[in-house]
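The structure under discussion is supplied below as structure tokens; questions concerning it will follow.
Chain IDs A, B, C and D follow the sequence of writing; residue 1 opens each chain.
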Amino acid sequence: MKEITYKEALREALSEEMTRDENVILMGEDIGIYGGNFQVTQDLVLKFGEERVIDTPLSEAAIAGCATGAAMSGLRPVVEVMFSDFVTLMMDNLVNQAAKLSFMSAGKVSVPMVVRLPMGCGTGAAAQHSQSLEAWMCHVPGLKVVFPSNPYEAKGLMKAAVRDNNPVIFCEHKLLYDAVGNVPQEEYLVQIGQANIMKKGTQLSVITYGYSVQKCLQAAMQLRVKGVDVEIIDLRTLLPLDEKTIIDSVKKTGRALIVHEAVKTGGIGAEIAALIAEKAFPYLKAPVMRLAGKDVPVPFNKNLEQAVVPQVADIKKAAERLMRK
Amino acid sequence: MKEITYKEALREALSEEMTRDENVILMGEDIGIYGGNFQVTQDLVLKFGEERVIDTPLSEAAIAGCATGAAMSGLRPVVEVMFSDFVTLMMDNLVNQAAKLSFMSAGKVSVPMVVRLPMGCGTGAAAQHSQSLEAWMCHVPGLKVVFPSNPYEAKGLMKAAVRDNNPVIFCEHKLLYDAVGNVPQEEYLVQIGQANIMKKGTQLSVITYGYSVQKCLQAAMQLRVKGVDVEIIDLRTLLPLDEKTIIDSVKKTGRALIVHEAVKTGGIGAEIAALIAEKAFPYLKAPVMRLAGKDVPVPFNKNLEQAVVPQVADIKKAAERLMRK
Amino acid sequence: MSLTNEKTINMYTKMITARLMEEMIGQLFAGGILYGTTHLGIGQEASAIAACMALQEGDKITLTHRNHLGCIGIGMELKYIMAEMFGKETGVCSGLGGSMHLLDPDKGNLGGNGIVGGGLGIATGAALKMKYKRENNVVLCFLGDGATNEGLFHEAMNLASIWKLPVVFYVENNGYAVSMPTERSMNIHDIAKRAESYGMRSIILDGNNAVDVYNLTFSAVQYVREGNGPMLIESKTYRISGHSKNDTEQRYRDAHEIEQWNAKCPIKRLEEYMLKNNVATKEMLKKINAQVTEELKEAILFSQNSLEPAVEDLQRYVYAK
Amino acid sequence: MSLTNEKTINMYTKMITARLMEEMIGQLFAGGILYGTTHLGIGQEASAIAACMALQEGDKITLTHRNHLGCIGIGMELKYIMAEMFGKETGVCSGLGGSMHLLDPDKGNLGGNGIVGGGLGIATGAALKMKYKRENNVVLCFLGDGATNEGLFHEAMNLASIWKLPVVFYVENNGYAVSMPTERSMNIHDIAKRAESYGMRSIILDGNNAVDVYNLTFSAVQYVREGNGPMLIESKTYRISGHSKNDTEQRYRDAHEIEQWNAKCPIKRLEEYMLKNNVATKEMLKKINAQVTEELKEAILFSQNSLEPAVEDLQRYVYAK
């Protein structure tokens, strides 16, 4: 084991996969000598050259399209989108091309590509640089969506994503890039489609992912002191969801709290709540509760920015409320 | 009262609003002499001229952006997107500009525009011309989303949408354009944010919208014969949802079936199910059930196309299953 | 490679195949036998097919919504195209794709596209791979005049240019994007001019003259193949068919204009050329027509006798293994 | 309107205001006092401010992520800009927008934009409204070299051109888009060339020469105001600041290049011009500097003494009434 940061974990994964398979290439804005806006690709251009670490102009749509065409042809492009908010400019290529090509061609082509999306707020970058848009992606059959919450998952999921034969939307959280954690010295993958029970518990299932996992773990420690024994599920993959892990947990605890940073209405929390309401209904001792981002754009002001997403205290309070029901 | 089609209803609404307010203009591809891909704007260019019924080149992103700028400046543009699938090309302007400008400017500007999206499958137009993407839009604070199910709603909602001071995503269903229905001779609006109970019932709440409303009504007739008394809620507005009407109904019936054509995972049905699971939990006699589009792109073949969205028989079967739980 | 007699006859055969196929598809739609929608290419046979014939083994094309001609041009088989039009399991895309999504990578076709401009990114990416792998191939990216107003056109042209990718952007300027005349959708006379924004070379050709299309496309393709970076070709042509099967009224153009272009029919012109230059005799042309008619009949029979895809298989191709 | 002495002094005052403000913002960020991110415009004062000064009452501008200079140029008040930088309730956007979203329609500013190219559509739409209402106004749309590679640039330029909209696309080519040099992001030397794709007129100007910027922009704006359709201006300039507050290493350019451009400092050049042409004396310039310094201090004091926006008001502006 060794301790590295989330961004180092991503970089290691990319570097290892590029070494293993010459078909893996990187594309994105300022990912070369600049090292990427969040330093994920730092120095990779020195190691792999400009032909494999490709600095692109500001042309998000064409980058997504170009990656799609390259992937159809046998390469495995990993695209960095500088901020996830700019994926709005790639939607046509991702949704109408990459996601549908395998189906429309009856399997004649496949599109093995990864699109990296730095998500979330907490850096004061305001409404157009702080969104969490994973729910859109989960509504598109043909895509896979993952969201690691720590360096171990970041590395393992990235390696799995690069090897997957489908377009994988790889969500990262800006506030996690400097988070440290242990990863094995030897090679490993984290399988796409498998959630992880981060903490076992008996009274309440907290279902979450991404940066919120860290907050939920903190809240769980505080709740423990108060005698509430929480189980925490880190989804890791949002599409396809690991239904079994979620449903089994809720069947055991009888209570579910879903936590995410994305705006509540239409968020992926709704899908999870709906699943539980459908498949674990007789086991529920209380209503399924969602704690999510407020239904507003992300404000610049720091206090307000903090107020729009669930914080540790909010999670604790919500869990306590749910335990009383 | 008079009987007109859905597309005539839309046309009347546009024509009346354009007559009432010279700030209302139309923009879109082939909406002039061609009359729009689905004939909604037929002959409006003859009545209002090319300055107000503006044929655009194939430039979806700029059309959305141009409408945004025009709306910020005092006009009220109504944009036709030829197929809703192409809204993928407008996402940045709709989501990062139009939806956020009021908030980001602390109310200094507003963006009164309407974006018309012909949704849905059933015409054999295949994967890139058949999607139902309303759920994305419902996940964007700052937008409003409506989806009329008949000519009465189409006209009333369109007039309300044109007068609304926010960007309104106006979903239409291709298979409804030729549907006929009664509308009042005199002027009327259908308020945004209000659902409508299409049919009162006591045993099961069917919550639906758009083209699926028609199918649910048919299923309800068949269910009645079998002694099942269904209540049908036509949502009409998807953002903001009329929570009260939904929750009141479910409290009364104790059972909820949500029906829509959009892909199930991450669909707006998830949001509704989650709401119910949160707010009507103690009243539920059975799990909340969602009947929605299959998680696949829309296939070309007609049999398969029919199979990917809920049909009358599926709705009936689902309702019966739910009654047995 | 210069246009040999054999190649010319082959080209003619494909053009006739395309014409008869499109007419047949039109009839099948009119008769309510085919389902969905379609965009016929009548009048553009030389533009699409002769261009494809300028390619060699390993080259690729990307096509548009109006993609049937390109499919014939690149050598896809009639019966698998027709079976796809019928939505059958034996179709090139097993009935899942339909008229706008004909795709056959083994033959070099990376796909028709329901999204106008949708092929631009894909073509650029396919060319990126060719360059990366030091392959001696090129991509021929078909698009319409209307598509050149899409943002993706600009972005893809620029990428191809700065990265010197082996791609030829082949713009078929047929005068309209649905009802929008090209002269109203842009303030320039020649779309080829747009190449200059990217420091890219371009040529303009008469898209109704098959021999010219072949020769000029061939030289452009060679230039690109040699590593000189991308090129743009503007092929001036005309769509005789309505925009799609729904475009019946056509209030946006007058009959006289169509007549004028009918006089420039690319097939008639190629026939005249072949006769004049002794490439073929009248009898040979007649025989080709008869053969193609027969083949088309067989293709339809094949399609009609094929099975529908199974509902149980719906999930099968959503994700690649 | 020609550049009167009064106007020149006004212009100089704004440029100095911008320079001192940007330096101050840089310091406040370095000291951890300001939150979020920011894109300073040091070196581009002439390019941004002199262009704005060529406008008249009722004209509008759209700005980019690097928008502080334009805000000063169009006449927004220092204290409300600074209060927004501090995220305070008294800021131009009540602390909701922040550095990239400064907006003040009453002063003619339709907004900075966090999306590169985001202002292009808005500018086009604002111009559409002016034309529709027969107003005698124009929109000046600011964008960077990098933004001209976005698809929206292409689409918006084309719309503006075919509809003859009163909009001037003002491209500040400062040599880089973050770390990407303009010469690597496109295969042409002058971005102005791109106007030709739309049959649009263009001019190139020295963006570090305030007097030139003013005069040439003024003439372009007049041309557009007269109903001749849009124009593109390429303003060649250089960003002395790092790209954003995070751009500290700057491995993508060398110090020598920055030095060379420092020698062309637009403020020094305007000072020289003013002294040489007796527009102002050294003492006057000194006094202006002192005044601005004072004003800036006050603006910061004002900001620091202002209240934070209330959490309870979060929902207030999501929807317009």
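In the analysis below, a contact is a pair of C-beta atoms (placed from the backbone, for glycine too) under 8 Å apart; a residue touches a chain by one contact, two chains touch by 3 or more.
Computed from a predicted model, the values in this text were never measured in an experiment.
Participant: In contact with subunit B and with subunit D at once: which chains are those? Just list them.
Facilitator: Both-contact set = A, C.
Participant: Please give the intersection of the contact partners of subunit A with those of subunit C.
Facilitator: B, D
Participant: So, what's the distance in Å between the C-alpha centres of subunit D and subunit C?
Facilitator: Distance between chain centres: 46 Å.
Participant: Taking each chain's centre as its mean C-alpha position, how far apart are subunit B and subunit C in Å?
Facilitator: 36
Participant: For subunit A versus subunit B, what separation do you get between their C-alpha means, in angstrom?
Facilitator: 30
Participant: Mind pulling the subunit C residues that touch 2 or more other chains?
Facilitator: Touching at least two other chains: 93, 95-97, 101, 113-115, 118, 149-152, 155, 158, 162, 184-186, 318.
Participant: Counting only residues that touch at least two other chains, what does the list for subunit A look like?
Facilitator: Touching at least two other chains: 57, 59, 61-62, 85-86, 89, 92, 96, 103-104, 126-128, 141-142, 295-297, 299.
Participant: What pattern do the touching chains form: line, ring, star, complete or other?
Facilitator: complete
Participant: Okay, in this complex, where on subunit B does subunit C touch?
Facilitator: 29-30, 32-34, 37, 55, 57-62, 85-86, 89, 123-129, 294-297, 299-304, 307-308
Participant: Would you pull the subunit D residues touching subunit C in the complex into a rising list?
Facilitator: 149-155, 158, 161-162, 184-188, 193-194, 196-200
Participant: State the interface residues of subunit B toward subunit A in the complex, per the touch definition above.
Facilitator: Residues of subunit B touching subunit A: 61, 85-86, 88-89, 91-92, 95-96, 99-100, 103-104, 126-128, 133, 135-136, 138-142, 239, 241, 262-263, 265-271, 273-274, 276-279, 281-282, 284, 286-290, 295-297, 299.
Participant: Which residues of subunit C touch subunit A in their complex?
Facilitator: Checking each residue of subunit C against subunit A gives 60, 62, 92-97, 101, 103-106, 110-111, 113-115, 118, 120-130, 132, 151-152, 155-156, 158-159, 162-163, 316-321.
Participant: What residues of subunit C sit close enough to touch subunit B in their complex?
Facilitator: 35-37, 84, 87-88, 93, 95-101, 113-118, 146-147, 149-151, 177-180, 184-186, 246, 251-252, 308-309, 311, 314-315, 318
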